[in-house]
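In the two complexes that follow, chain A is the common piece, with chain B as its partner first and chain C second.
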Partner chain A sequence: MKKLLQLTLGIVTSIGGFLEVGSIASSSQAGASFAYQLIWPIVLGTIVLIFLVEMSGRLAAVSKLTVSGAMRDRFGFDYFVVPLATLSIVIYLVLAAEVGGAAFALQLVTGISYRWWAVPVALFAWFLLWKGPFALVERWVPLFGLVTLVFIVGAVKLGPDWSAVAHGLVPTRPSHDKAHYWFLVVNILGATIAPYLMYFYSSGAVEGKWDESYLNINRFIAVLGMSFGGLLAIAVLVSSAAVFYPAGVKLEGYDQIALMLTGALGSWGFYLFAASLFIGCLGAILEIALAVAYMTSQGLGWRWGQDEEPRQVPRFVLVYTALLALAPWLIVLGISPLAVTSLSMALTAATLPVAIIPFIVLMNDPVYAGKHTNGWIGNVVVVFTIVMACILAVVTIPLQLLGGG
Partner chain B sequence: MHIVRDLLDKQLIDVNWQHMGRIDGLTMDVPPGEQPRITTLCVGGTVLTRRLPGFVGRWASALVERYGVRRGVPFRIPWSKVMRVDRVIRVDVNSDESGAMASSHWVRDHIIDRIPGA
Partner chain C sequence: MRCARHRGVGWSGVVIALVALAVSGCSRSPRDQAKKALESLHSWAVSTHMVGERWMEGDVPDAYASKALQSFGKKVRKERGKIASGKLPNDMKQFLAAGFDSTARSADSLLSIIDKREKSATADILKQLAAQARAADSVKERLGAE
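And now, the complex of A and B:
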């Protein structure tokens, strides 16, 4: 039973992958512009994420090392510093986007501009990390996160064309706006397969003191947790497609996206959308701030742990405190949250290769994976992901210019 | 033993089972006609920043020399203090009472303790 409770770790990781502001934005844009045609990148991202998350958990359970710790161990400081530096730069924009998303959710409910909410949101997130143990993030975020199930209710009530939905599972060529189509594909994959998910999940597993007896439950958590998120992202896309595509609406801001559920659920739909956006973004803020603190501390050998008193792990606390202190200012300045989101997702895609390549080595090295090295299916998926990540990294900036906005 | 594979970059654990950094560098003694011997393990300071390439390394080293709590001087552990070499390296050092935790203690005393509610 105690092991089964670890499912919440999978759910919170999944929220950071699928229900944060980047995924909500890219899924709804995809639905509005291409109806159900872009479900396949969500499915592809989900499958890849299941494999990578499972590997991160397996590595932690067998070696008691996190992904970041193992990267420094196996590849040395000279390599480790590359994913650390790229993540630190990109993550600032991602974090700003999440703060913007949560702040916008508060604007929807209160009518007070998101610019005023950015600092309170960052402060609230910091307070939760400062006061709370890991269980606060791990148990409460998924519990409140259940409100996002409203997207599934909404999608079903809207009565979409289910055969068209099924067709969207298979990749097809775009009939119009090719650049925008591929831009959205890259954005969806970049929003879904984020390296910080792996750093967070493996650290959570080490904080939960996993050993080899957790290997089965780890597989279960990876499949169920990531499918939960993937299904919700599809529901967002389907709702958006059913509402916006026939009307030919071009989404330009979160205020339009927020109306996605009002047709199906009335004013409740509006408030539940705001609640979902808020909890998804808050979950992502907590997850990202922790992931960077984990990665830095583990890579440099500092003391770390969300269950420790802040005085015992000062440098770990300093990292997330500094990040959250810097995060709100782009939003306070009034830069459009949707623009920041779109750029941050594209840049995440560009940094993917350096984060994924270590998996193929670590997961095949008995020093780290023991008797539980990758099978051929796992290796095929990692190699495929590396190739895909390299392509994404090359095309993401040109596509941002050609197909964005 | 393979110095780079088994020692460099590994986690250091002190006598109280606390993390105390990673092995950022080593010093060796190479007497003529004898096997080279590891003399000390180095943690932090310019030993780490000098491993960065080109101007980034020089720049980062200048920064830690100027602003680092230990002015860029790495903490050195004599090889005789090494207790166990495994996936982590355990050493007979009390890190909190040595200079190894200087920057951690600085952050604790000057930042963490000043946050209300600490």
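And now, the complex of A and C:
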């Protein structure tokens, strides 16, 4: 009975915690620019995410090690520093984007500039981490995140062309703005396959003292939670495509995106969009800050744990404190939150190999995965997507950033 | 790309093909520049219209509408500033400049209407914005047909 409850809670919180600023921004932009044509990268990214999340949980349940802990153990500290440094820089940008998203949500409702909200948002997140237990981040914030289900209601009410939606599941070549099309593919993959999720998930499994009896629960959470989460990202794309594409609106800011649900749901659509953006971003801020603290502490051999008193894990606390102290400044300086989001998602995709390749090695090593090593299908799907994301990122990002397309 | 794969070319072939594909999508001929500028004009006119319409319907708060219109006005003026430096024919430059100026003025008018809460005055501005978007569209269509 207890495990059934954990399973249900795990699935529900995975759904509620799925959407964040990257998914909302990249799916909205994709829908506005290419209608339903870019549903396929969301599906592809979600499939890969299911595999990776399942592997993270399996690794933790079998080895009792987190992904970071196992990486350091298997490859040694000298190697571990490379992904730690690379991912920390990219994750900092992602965190800044999430702070920007939450701050913009507050601007939508209050009219006070997002630049003023960035520091209070970071402080509020820090306060929740300082005072709250792990369950707050893992369960309660994602439960509020169920407000994002409004995108599904909106998508259905907007009455999209469902046959065009179905066609979007199959990759097709763009008829215009090719560089922008591929840039958005990279963005969507980066937003969907966020490496911090795996570090966070495996740390949660270790904090929850998972063992091999949790392998089935882990599988169900990964498959059902992430699938429904992917469905939410598709709903954002469909809503955006139904509203902005026929109107010929190119999305360049959250103040345009905020109108996505007003046609279908009136003022409720506006306020629920703002709530979804705020809660989605707040959940991601907490997860990212903790994921970096976990990764650093586990890699450097420091004591860690969100359920410990802060004074018992001072260096763990210092990492997330420092990160949250630095996170708001790009936004305070006035850099557009949507621009920070696009850049951070593209860079996330570009650095996927650094995060995932060592992980794939671990999952094929019986020392860490026991008799539950990876099958060939999982390895092929994940490696193929990483290579594709990397090539597209190398090719498309410079062109897009130079103002092409 | 499809040919490269069939002939068994490796990753380097795929990368070269993708670079060519992306570069071809980013050419900067005067016609492409004009098309982009017209799309931008259309997009800002429609976005401004959407905010005004939603405010009039009571779907969005005053605070949001004011902030959004201020931001759109700034962006429209920035787009207008880019036209002078572009390699566009003079008549196109004049059309775009007038279009961006008119859209920016409409955003300002809506801002003042929101300040005074005169919802009845919104309809005229929305008509102007809709006409602006249609005009940009029709010029873009003519450009495509030439």
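Everything that follows uses one rule, which is that the second predicted complex is superposed on the first by the 376 of 405 C-alpha atoms of A that agree within 3 Å, B and C clash if a C-alpha of one lies under 4 Å from a C-alpha of the other, contacts with A are read in each partner's own complex, and residues count from 1 in each chain.
We take it that a contact is a pair of C-beta atoms (placed from the backbone, for glycine too) under 8 Å apart; a residue touches a chain by one contact, two chains touch by 3 or more.
No experiment lies behind these values; they were computed from the predicted model shown.
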- Scan A:182 for contacts with chain B and chain C and give back first, second, both or neither. second
- Query: If you stack the two complexes on chain A, which partner ends up touching A:256: first (chain B), second (chain C), both, or neither?
  - Reply: second
- Query: Which chain, chain B or chain C, is in touch with more residues of chain A?
  - Reply: C
- Contacts of A:269 with chain B and chain C, given as first, second, both or neither: second
- Who does A:110 touch here: chain B (first), chain C (second), both, or neither? second
- Mind working out whether A:171 is in touch with chain B, chain C, both or neither, as first, second, both or neither? neither
- Query: Which of the residues in chain B end up touching chain A in this complex?
  - Reply: 4, 8-12, 18-22, 24, 43, 48, 51-53, 87, 103-105, 107-108, 111-113, 115, 117-118
- Note on the structure: Counting only contacts in the complex, chain A reaches chain C at residues 107-113, 174, 176-182, 247-250, 252-253, 255-256, 258-259, 262, 266-267, 269-270, 387, 391-392, 394-396, 399, 404-405
- Note on the structure: The answer for chain C against chain A in the complex is residues 11, 14-15, 18-19, 21-26, 39-40, 42-43, 46-47, 50-51, 54, 57-64, 66-68, 71-72, 75, 133, 137
- Note on the structure: chain B partner, complex, touching residues on chain A are 63-65, 69, 72-73, 76-78, 80-81, 130-131, 299-304, 310-311, 314-315, 317-318, 321, 367
